[in-house]
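Both complexes below contain chain A, partnered by chain B and then by chain C.
On to the complex of A and B.
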């Protein structure tokens, strides 16, 4: 089905990304999208939805639809509604809490069972800033988490939602792993550039320009 | 009640002294310290969130603008049942910008120590072991004595009565008789960044000018409605002592009637809401049946630590973080130079209510979103009542919604979808276009991703979904008219959304048609995803702009094309139908799973098999029409014809 792709033609692809992780882990979403960090962010009830566009290279634009939900265990039963058709998942845990990694592992298991078989999963350790300040605060060793991720074929990142460290990079790595070629439609890419400009953006964020 | 602050201070400071190793230097009675302990106590629980206390400093800084009237005004308002100095204290407590303890008040608050009304409790509290639970150097996770609980319940109560008197004066200030000063106050209210409930006026979706423009109109409406309510109450013989502006919040209301319903739909006066909600939801009966139960629960859960309480602790400080009453106060200790944070009494109330509920109803325990429900209740009523309201909400109004498997959420979503299908066919067409593989999908069993967006409408009863004033108006109706309200309002919101949903879907479709002539079929599912994403944003963001509560209510209840006709029976039938159907489906999956051994999970259910199960369970009810039957529709039509005929004759 995919038409031959002329690399000089602008490419545009849209992916659905779901955020999962223990509650209050400080999900990366708001940092990434709004470029701001609120210490006292309200907890999410039900669902939150945002979009973010990144420029992968000079002619490839990737738009993430980011879906976020409450982190409490029981919300898992709503999850199928949520991660159905997701292309990628960011499973967040807290580097300073061993138990949060266990929770993350159970999410990963769930995703591998229930979600698209080609879903790209990124295991993401948050609160890197705390760990860098004081290595003693770290409860999850990078080696351990990375080994687990490698074993299951997941991406692995350590980020700080607070300082924004490594966040853009990790989204970029995810984008690189996604099957852009399959999704891209050159005609659509050209068109959507025009359309995107003229259409009102429903949420107030600007491209992060990385 | 009056003495409690001083006494609590004593306990608190002795606790503090122990913790900091300053036992010698800390004076036994130091009222100013009363609040500090809370933070020290909870600082460790809050983990990551407490990393940056300067953020709350910033918050408090902006709060100082709030004082839309001189403190003396509040003093009078709040002093109707309490000693003025105390009201002033808690007023200061929450409005001072630098957060330094109001030192002048200390002497006043020291004196009434002996007047502690909770005599039995205070005796327990005086026992050294009880008061010094925290005497070990290692700070315990949470230690609380009944005494400190009393103290904080009292201070929460004072805050609440301040809110109430603020609400009273916020409308009283617009009374025509005090036109001049009223005008003044109104302008100053317009310059403050908080609404009368302590929430931030503006959001990403509502600008300050938009808010102020609306409030200018609405505040006049509020005053008018209040006067009409007072007249109505007088006529019903429930006048209380109505002397001008000091009409006390009534605790009883007239029996249900069309008139009263109309009044409720037009909004209950803000300062009466606590009483009205409690009364309409049949709270007094519940309270009577369970006398003393809440106090027992508080005692039982004092130092409870389990999965629920851990989840609660994580959420306490994420509940209305932008509301001043839920913001912790920070201050710099003059001696140590350290920033200290004292926990808001309302947060402490919130903790107790949620702890008690998790104990009272272990089947639910704690579910995220209950924190917001209780938080909002606490602005309007004392914590014992808030507790029983939560019981009523979870038992009677929203059964199953907060259960451990959240099945009730899915059932309600199914009912909402059915309602949309029945009453908003055009919206239904749009939603239906996002469903892939329609033939093999039963939306009641496999809820579409769009339903995910509307889960919070029920889980938090529109908190955070609609602007606060609109939310409160929905709550007014909910407690008076039962849960059909939630579906009526949901339908009204979708009605408002209708044009934008239709045009968004059309735009997406035409874009798709242009872009992929060659691959209509293969790209179909991608297209559905794109549409979903756009619709989701509309459904998520538009309600947040619905500041004009009156127009939302009008859309909901207007005679023609409104949703006032959606009856409770209809909703109940539909709920039963959806619940049964889903249960059958789950049972079939269960049966199949157990037939293949316990380690075969749902993944092992092949797509083909899932479809067969779906088809089977769809067939189960094929002969039975969905809860919202066509006959309802016809019934209404014939009713209308009858009405017209009677009018003609």
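On to the complex of A and C.
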């Protein structure tokens, strides 16, 4: 095992991401998490928690802890619990349903009021495949939605959970906007220092990597 | 859960609903939730009544359902026994029409004793002249110290020799003997379980003819007549019927003297209409499966409890208090509708043995292993954890972790399991190439769920939070770690996943529960004996040569051995748990085939409704013949010595479609024994039924299940 050069130290950061949006817009983005798409899977009850790790560049790993929330109105009062400490939020709407954008806008307002002030918000239009198949199916104009996002300083994507189009890219862009330097996992950092013989660690007993 | 705490069985009555108050039977043992042994007059198969509406005050009271208690019956049409015009002809549609027509007239209300004799009494002097040969089970007799046992044993022998005594009706004798003449051993039970059952599914079809052709319906509406849900039909159909149902229900609600009562059920030809009035919600079901009213009511109760589970009672009440005309559909999302769809589908297809038999299914495990698992659950318990449940695929309980003072109710667990195992919401991804993806990637994508639920029996007013996590026992990593050779023939997908459910009263304790879950799974997987026993029981036994046998968890009648018995269910009343065997000689595939399951459970449901409805007071042996449809004919023989011991012997004539398109008539025999301690339901192949072998097999099953009680059932659980 060769000791990494200090400047090339592998970086590992962990972020909390929350998925919000009206029911049935396609929030879980299985493509991103599992590279699979399930038509039969039914709507979320409560919330689901999952993790996904992406390699941002050759030595930066970003792990997302994702809360996939249920879009149903009745769970709304639980939402603050999920976005409270979130570093980023993916507010999803359905490109073929105008009212789902309205719902997304109200989520964005709520996040800007109640969530961390430095939360990265990405407005995401899903079901791009349907729109590409039939432009008539589109109810939300890209220009309009994008303008809205720009105005509020949000990221904007159009994706398809079904085909996987733009999913990976969008998560990458989010990761790039996140403050990786501040978030470097201390344990991971310690471990890499442990193998760095030039900086012997004397007092860190708990540092054994589980 | 009451089954797990012996104390709650003896100390507190377990109720299915406030208005169902189970009464102790002779031996003082209370009935379990879900399936109160409520007696109700069996619909008279032999009397031709056009429409019968029975009413009971204050909705469903158990006492009203007891055969001995007079009930108020409203007869909508003159009971005219001469009128032979087939009631079969009257359909769902006509039934509704009949009820509607009469709801505008003033029905003549008269009290009748519900003395409709459901069966033909053959003789009732069973004490005399008994066949001494069959001493039922000495071991039993010692245990219960009851002299009933001996007579019971005699009766059992007696029952099976009644044909020799020339005291059975011709129809019964014919059907019992017919098998002996034509040897039908060649046809397996699995082949016979093909008597033309059509699977039910949900739909939102606009076609009225389609709609009326359904054999089972469920409707939910508000007391104001606003539609909420229907199993079949489009929104428009639901809207129309909600109005109709509300009209019928409210018409019968107010008596002339100002008091209220509520419509319970009526029959129209082959179709039974059952109502459940739970202000501000009304539920109605129709069935043409010849189910009993009490069974259908329990199904409605289950559906109603599901609504409470998702919304909670106070929430529903609040919405309707604000506005009588509230549309509850506003609160229900796709997920809820999907859940109701799958619950209705399960109910209509008899896919939930626990609801039919009344209890929970449990995973067979060695006692030491179950104890070890319980120890590990206790070890990892955290402060805000209220209950923990470890469950095998299909909702088979492995064990529970619970506080000393609290138990969980069977019906709450049935709801929870039904939500987790019978809907698609918690199914894991349809990952076709799971074999190729590494374990690390798998675990990265494994979801954990955090679900607010109201468990109505635990507390109808508040929500609990359920942490739900799955562990794939067949994951590459685990299989390699413990030196197991996973075989392609063994179950896969969701059939290999353990579920851990951790319940907390605090909505923000997700990460605490998650930590518990992680540690529990780590401890369970890290222990080779535990892991291997779970693998053996759920997935398959590992042979020395690396081959995999059938899962140990599924007991076959041959394991006992119980000759002649092709399938059985043994329910221990003390535990409110049951053992559901595999079909003798069947493959995993057959057991999982939904249609086979439906047909076998249909038989059990028929047997169970006999247990529920057919124990008239006093001893006697009864027999009756019922023709249910062209493919299905029942001859039943029942004997009940006291109010707590029963024997039923049922001969079904079933039409099995042959390859050449012809229908061949065949027989399946069902045999039920009910005592205060257990219920055994058995199915044999028909054909040659040697009574001595049948009795011996039956004894063997009871003895075997008693001996293996510690392996078959969870008692106590992990208590803190």
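Miscellaneous remarks
By our rule, the second predicted complex is superposed on the first by the 177 of 210 C-alpha atoms of A that agree within 3 Å, B and C clash if a C-alpha of one lies under 4 Å from a C-alpha of the other, contacts with A are read in each partner's own complex, and residues count from 1 in each chain.
What we mean here is this: a contact is a pair of C-beta atoms (placed from the backbone, for glycine too) under 8 Å apart; a residue touches a chain by one contact, two chains touch by 3 or more.
Just so you know, these numbers come straight off a predicted model, no measurement behind them.
Legend: residue contacts after superposition of the two complexes on their common chain; A:94 is shown touching chain B, with no touch to chain C. Of the two partners, chain B and chain C, it is B that touches more residues of chain A. In the superposition on chain A, contact of A:65 is made with chain B only, not with chain C. Of the two partner chains, chain B is the only one that A:85 touches; chain C does not reach it. Of the two partner chains placed around the shared chain by superposition, neither chain B nor chain C is touched by A:163. Contacts of A:132 after superposition on the shared chain: neither chain B nor chain C is touched. Contacts of A:52 after superposition: chain C is touched, whereas chain B is not reached. Contacts of A:16 after superposition: chain B is touched, whereas chain C is not reached.
Of the two partner chains placed by superposition, A:173 touches none, neither chain B nor chain C.
Chain A uses residues 23-24, 38, 40-43, 45-49, 51, 70-72, 74-75, 78, 81 to touch chain B in one structure and chain C in the other. Of all residues in chain A, those touching chain B in their complex are 1, 3, 14, 16, 23-24, 26, 38-43, 45-49, 51, 65, 67, 69-72, 74-75, 77-78, 81-82, 84-85, 94, 96, 113-114, 127, 130, 162, 183, 185, 187-188, 191-192, 195, 199, 202-204.
Considering their complex, residues 47-49, 51-52, 55-56, 59, 204, 311, 314-315, 317-322, 367-369, 371-372, 403-407, 409-410, 447-449, 451-457, 459-460, 463-464, 507, 511, 514-516, 518-519, 522-523, 525-526, 529-530, 533-534, 536-538, 540-541, 601-603 of chain B touch chain A. Residues of chain C that touch chain A in their complex: 311, 330-331, 333-336, 338-339, 419, 423-425, 427, 429-431, 444-452, 466, 507-508, 510, 514.
Those residues of chain A whose C-beta lies close enough to touch chain C in the complex are 23-24, 30, 33-34, 36, 38, 40-53, 68, 70-75, 78, 81.
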